[in-house]
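Look for chain A in each of the two complexes below; its partner is chain B in the first and chain C in the second.
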Partner chain A sequence: MGTHEIWQSVANGVSLGCLIGLLAVGYSLVYGVAKLINFAHGDLFTLAGYYMLFFMVGSPSGRPRHVFYFLVSTTAVVAFAWSKRFFTGPRRLLVGCGGGAVGAGAGYLLIGRSSPLFVALLGGIAFIAVAGVAFEYLVYRPLEGSPRLSYLVAAIGLSLSLQGLMQLLFGTERRTFPPSVNSQLSSLPVPHVLVGYFTGLDLLIIGFTVALTAVAAWFAKHSIVGMCIRATADEPVLAERLGLNVRFAKVQVFALGTALAAVCSFFFVARQRVLEPTLGYSQGILAFAAAVIGGIGSLGGSLLGGLFIGMVLSVLPLVNTEPLIRQLPASWVRVLPSLNLSDWGLGVVYLLMAVVLIVRPRGLLSERFWRDV
Partner chain B sequence: MQGRDFRVLAGLVLFGTLVGCGRPTSGGPGKSIPIGFGGPLTGKQANYGTMCFRGAELRFLEINAAAQKVGGRQYTLLPGDDLATPTQAVVVAQDFASNSAVPIVLGHFNSSCSIAAQKIYDAAKLPNISYGSTNDDVGKGSIWTFRTPYKNSLQGRTLARYAAAHNLARVAILAENEDYGRGLADVFKTAAAELNIKIVAEKSYDGDATDYRSLFLGLQRATPDAILLAGFYPQLQVAAVQAREIGVKAVFLAGDGVGSSIEYIKNAGPSAEGTVATGPFLIEAESDSIKAFKQKFQQRYGQEPDSWAVYAYDAAGLANQVISEVGTDHEAIRKNLAAINSKERAFPGLVGPIWFDKNRDAVNDDVRLAVVKNGRYVVIPVH
Partner chain C sequence: MKVTASTISAPSRRIDSRTSVALSVVAAMLLLALAAVSTPRVFDLLIIALLFACMAMGLQLVVGFCQLFDLGYAGFVCLGAYSTGVLLTRFHWNYPAAAITSILISLAAGVILGAPTLRLRGDYFAIVTFGFAEVVVLLMRNWTALTGGPFGLGGIPDPVLFGIRLNRYPPVGYYCLLLAISTALLLSVWYLRRTMLGGQMLAVGDDEKLCAINGIDVVAVKVCAFALSAGIGGLIGSFWAIYFKFLSYLDFTFTLSVQAISIVILAGDRRLRSLLVAAAIVAPANEILRTWLRSSRLPESSRVILVGVILILLSVWRSRELSSRVGALIGRLTGGMMPSPRANQSRPSVAKYDIQHPPAVPAPFLASEVSPASCRSLEPLLVIRGLDVSFGGTKALTGLEMAVNAGEVVAVIGPNGCGKTSLLNAISGLVSSTGQMILNGVDITHEPAWSRSRRGINRTLQTARRFSGLDEAENIELAAWAAAQNPTRNVLARIATIARAAVAWLHHGHSCHAHGSDSALSSRIQMARAFARPGTLVLLDEPLAGLKEADRIAVLTKIARHRASAGAVVVVEHDLESIFRVCDSIVRLDKGRVVFSGPKHEFQLLAQSGGKPANE
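Let's look at the complex of A and B:
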């Protein structure tokens, strides 16, 4: 008895850890450049889930239509911001309106009918990246030059506003993608040894997480854009003096980070079958913990941190502490609501985070921020 | 500085107007009696709360329409949204308690909310009738609290008897970490001990958990014949799907947090099949009076009511009966409700005769048992 469940738990921990890790990679990416703990990252993750859900379901009336407002307003903001390079004065407003029209057109195409899986996925990724850039422009950019604390408070404010807005527009009930999404992805072929432990969807998650983390790390280390971004992260003033477009580097990194959140959101909702406005909060905190454990700013470290947390959360329930509890004096049992270790999964995770912070304040994998990605 | 003073003044006036608008003063001309309604109108359990609010509203609309002809009492139902969280329930309770025109409160739905709010009602000496809480301790807590549904212990016994009758000797428990879930798990354990059913493992989860696979794998190690799902459907509809996915074959037993809502079946799909749940199952039982209610409800709101709507409908009727008899004095209302203490004096509700024991809990054995078959609850006999 039992070994089968142990391996199943480990497998579940790997898949779960990848989902947490991928979200944490986005956190780290943004932190690495903007030196900003973007607490709204988790809520953009949730918003991406709603985008994709409503692209899949597709209906011009009812709640899906609310996504339309998001599409129109975020694209309008981004177009307006971008137009600064070429225009001044009222013509910028015109470009902004043009952007809004593009958003409206895309919304019409994507929400007007139920889109195929890939269209919904790519549409979700593209437009959540637009939303990420729009929020950067609206919320973080006006704070340029302010103390770090202002950024932090603004990020928390943005996170809470997005949560409230999503509750208002999309309702608070738990939703999920149509069942066909999961069955379609899960039915992908799985090597014989892994059957019973991983579904096709799990393997997709693991593959995409590793690949995307590697690509993001390569991009940051070797591409020209990445080098600019790193230069910006290391020496913002010097980078600017050398003629690098620091702002544009930040914009790119926000777009990339939120796009990663969107991919993660797709896999998360497909696998866990939960989508609710407060999802980004609970998952975002876990991802943040993962990034801190692994060393925030280090992409590989964040992924490892995620795997670590996933494993703890998944394997802990197998530990049976009940015989131990029965030997304790009754007065103890009454004080604590539960002495069963499995009920303390999150507690253990945060305890470990605290220990890591004490022993290695910069995280397990981070010798120096960002430089060794 | 003058301009600034003006702005402050304007702001104050605007603020005052908004506050004034937000709170319609009750008890003015028209003599409509405001009745408080506490329940989860938004939040994860909004589905329950809306059903109940509509059930109560329907009753008062009927009463108002009938009273209009003879110039009798009119009622307005004041919505108090507790978000299914005890902290918000306290805020709602304080709101009702500070409104001296409110003679009675219908609420709350969740046991944890009723238990939290009853301290406020107790201090304010405001009678309240819970139309949805089933935790055993709800009535005991205050002489001002009455409760119309059955108690969890009855659900626990019913489920344990089912398990005993079907040779489900090894049962594991998955409970939500709050009053209702823990309460149901506890009463099941008590009943199981008497029937020689072994509790082989126990796990709990929080309301915002998303991964239930690991918990089920933990339970699975103990090879249970059945798993008791003690919680509410928004979480358990997800849990059921994930459990079947990792190959859990055990029978699911569930309380009315699952059994009283069709959403569980709708969202869990094939994974819900075979789940055995307790609940009122009034709608499924289809008595004549319920059928008439169902029709009225559907006509007005365009959706099928659930059983909790019936309980709220009855609680509203009970409130009206009491107020018609003794007026709006709080103490008189409490005494009148407490005097409904035998079958002869019972209030004729749709759910059956409603009367209270010395703990102000309704005396009834109105728990039915149903199994999910082909996407519907099919009522089966209780053992």
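Let's look at the complex of A and C:
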């Protein structure tokens, strides 16, 4: 095995790690404010993939019209929730219907019309953010003030039902973006030095991930909205006393986090060429592990954690255990578990996560949280 | 956490009465009778319901008592099941030995996983347990040589118990075995809750910081609960293996953990009665749902959706008052049939105390006979040398030197932010500090908070807290129990007396209308707890703040009495006039340094002569 292959795996690990890291950044954002392991984050990631896929396809192959239900219902819910500022009573239902109509219109314009790449991408991002807000309103809002365990169970429930819904509506088969989009993305230019290690898409992924993380970090640190969000994360009661709209801060964070998941989803499906209903479950868990390793609440740390996991997953299969196995007595090999390291990828990730947490209980890069003494 | 007055006045709600446990055992007997008339289908249902009830009981120790999010319970069940399966098929052990080995393996896994990770915050722990379950499943998939890997492990033989071979068709023997296991589990968990270990688990779930200053080793208690729960998981797994005869790692995925947790969530409180009712609802409902879906030819994914929606509704339902109303209804229905719902005869409960005539207080508790003069010794109880406390660059205390004698009351005064509370935190071990601290001749500089508390440092917090899951007497009893490291029966009896006396004090000699107020009650409980051990060091953080005159005098009397019992008190207070009435010496802090330290009269002289009391 030459150094070329090793460098190739490392490059692969960087791209994969960026994808996991970007998802982890969204996780981290939501966790920072809502203080909840949003198990459904991964499933919104999958849903975003389906949105974009059905915005891109032209012919009614597959089941594009099912996306309609999601679009209409989530926009209706968000409009209903938002109308609370202005109306009470049955008029809110009217506003909700109006929102649903907007969703239906957008669906009519977008779904199955082989929209250009940009339109599909932006539409997917916008509507998945709407969906994130809608689920926040439907599932997490009624839980305010209840014990953390209830939040966790509700999040698991939301994740399961989204997964089931997607299986039911979109089918369990693996899909990918239409060939025209794939060829468009794979023809991106690459600097001569990097040919063989990175594709143009990989470079785009790395660039976007770093840029988006930086923007999100800057936003959280320096913008007024970010300041409100941080104040809410630290002391929700005090923030409310100060006149900040705590709920709106949460809504903004959910929208932002889910939008990041949508970007990540686009790149993931374009690169790995796979989209299936259970995708978000496995990727979401990896992303949460990444956020935990990096220090949850720290955006840079989450990205770093993602890179770490991506590296482990792509370099691990390179480790050749054949010589080791040959040296062991045959009677041992017969009873020992598989020594092929690629079988153990996830196990190694969890093990590393546990080790990192034991050594640094708040993750690698976390800022110290001030807690009451 | 919001605690209403109704939960305070009804301590019997928090613990299963003997009657309800007896009723559960009777229910188990009835289930046994059912064995005679059941069809195989009914047996299947009953066994699955019992399995889920057992899992919920195991999980209850961790999730219900300690309030830890354990997302990996299926991992322990999986370990137990595969251990039994492998031992029975590959090594041909007999069943009891295999079952005990499986329990031990799961228990060991619980200790190995729990000991390092139970220090983590709740959510981190949740994800670590999740990872553990995934790793166990991965192990079973990859260890093809032993577990059959992706093909599963089949051919597990019928076990022989006491010379009787259990038959699979009809599974009467299995059913009786599982019934015996679950009854034993029920009784043990019920008994555990009544012991001090169970009380500590509840206390850990309520308030970890309060545990630390009450001498409870939080991590040890959590590891204990986690390991016990893991062992129970192993036991369930070993039954799973012999009953289902075929093991596949796909049976032990996240869904199983979620199902078990959903029972605990539905039960909602920490009583076994609720848990059993919840298990009796969830497990058959799940089975019926599955059969219905199979017969109606809906895809499997609709079951997943239903389960998810039910989970969401469950947690929303739990968060609303609705559940408590239904709970009250169930309580009224069952309570009406029971002869005495408050049958906790052995445990001191507030309702029994005669407030007008409190029980006789043991001599060492009040120590009024000990004359103050005889115990004023010059032997220092606590010596502090060169104490530094800093929070990430900001120095809260610098080079602090201090000695506290037995039978002395030291008032620590100074402006806000001068490090008074940091001093108390450093002494009780809640913040890390450098320097040296000697208590009764023992160096306690490197000891954690709980162990310092056991050595005799009692403290109160500025805002009073108490364990809301325990009743008033239990709150005090627990602290006193933790202090006596190896309690004999004699000591336990004395602790009970002290607790009873303290509860009597809670209600005696105070204005009664404040009784309903939670914070007033908490502050009295913490005061009673701090003074429960005569002859020790008590640290009080602004004990007089916001009290009425009558209550102030009560607290000052407590301080004086404690001093008379050869104990020492360090009190941080802003109300100098009141505290001067009881204190012997003054320590004045400014910007983290001692600016005055000496007897009370010197301080007063300095203050009168107009000079700033400073000896910098």
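The criterion applied here is as follows: the second predicted complex is superposed on the first by the 358 of 373 C-alpha atoms of A that agree within 3 Å, B and C clash if a C-alpha of one lies under 4 Å from a C-alpha of the other, contacts with A are read in each partner's own complex, and residues count from 1 in each chain.
The rule we apply is simple: contacts are C-beta pairs under 8 Å (C-beta built on N, C-alpha and C of every residue); 3 or more make two chains touch, one makes a residue touch a chain.
Predicted, not measured: the structure shown is a model, and the values here were computed from it.
Enquirer: Looking only at chain A, is it chain B or chain C that touches more of its residues?
Expert: Result: the larger residue contact count on chain A belongs to C.
Enquirer: Look at A:354 in the shared chain and tell me whether it touches chain B only, chain C only, both, or neither; answer first, second, both or neither.
Expert: A:354 sits against chain C, while chain B stays out of touch.
Enquirer: Looking at the overlay, what does A:179 touch: chain B (first), chain C (second), both, or neither?
Expert: first
Enquirer: Tell me which partner A:288 touches in the superposition: chain B (first), chain C (second), both or neither.
Expert: second
Enquirer: Mind working out whether A:165 is in touch with chain B, chain C, both or neither, as first, second, both or neither?
Expert: Second partner only, chain C.
Enquirer: Quick one: classify A:315 as touching chain B (first), chain C (second), both or neither.
Expert: After superposing on A, A:315 lies in contact with chain B but is clear of chain C.
Enquirer: After superposition on the shared chain, which partner residues are touched by A:279: those of chain B (first), chain C (second), both, or neither?
Expert: It touches chain B, and chain C stays clear.
Enquirer: If you stack the two complexes on chain A, which partner ends up touching A:343: first (chain B), second (chain C), both, or neither?
Expert: both
Enquirer: Pick one for A:143: touches chain B only (first), chain C only (second), both, or neither.
Expert: The answer is second: A:143 touches chain C but not chain B.
Enquirer: Could you pull out which residues of chain A sit against chain B in one structure and against chain C in the other?
Expert: 167, 172, 337-338, 343, 346
Enquirer: If you look only at chain C, which of its residues touch chain A in the complex?
Expert: 1-2, 63, 67, 69, 71, 116-117, 119-124, 126-128, 130-132, 134-135, 138-139, 141-146, 258, 261-262, 265, 299, 301-316, 318-320, 392, 421-422, 425, 430-431
Enquirer: Looking at the complex, which residues from chain B come into contact with chain A?
Expert: 42-44, 46-47, 177, 201-204, 206, 208, 210-211, 213-215, 217-218, 220-221, 223, 234-235, 237-238, 241-242, 245-247, 267, 269
Enquirer: Quick one: which bits of chain A touch chain C in the complex? Just the residue numbers, please.
Expert: Chain A residues touching chain C: 31, 35, 37, 139, 142-154, 156-165, 167-168, 172, 277, 285, 288-289, 292, 296, 334-338, 343-344, 346-347, 349-351, 353-354, 357-358, 361, 368, 373.
Enquirer: Using the touch definition from the top, list the residues of chain A that touch chain B in their complex.
Expert: Chain A reaches chain B through residues 1-2, 5, 8-9, 12-13, 16, 167, 171-174, 176, 179, 196, 199, 272-274, 276, 278-279, 282-283, 313-318, 320, 322, 337-338, 340, 342-343, 346.
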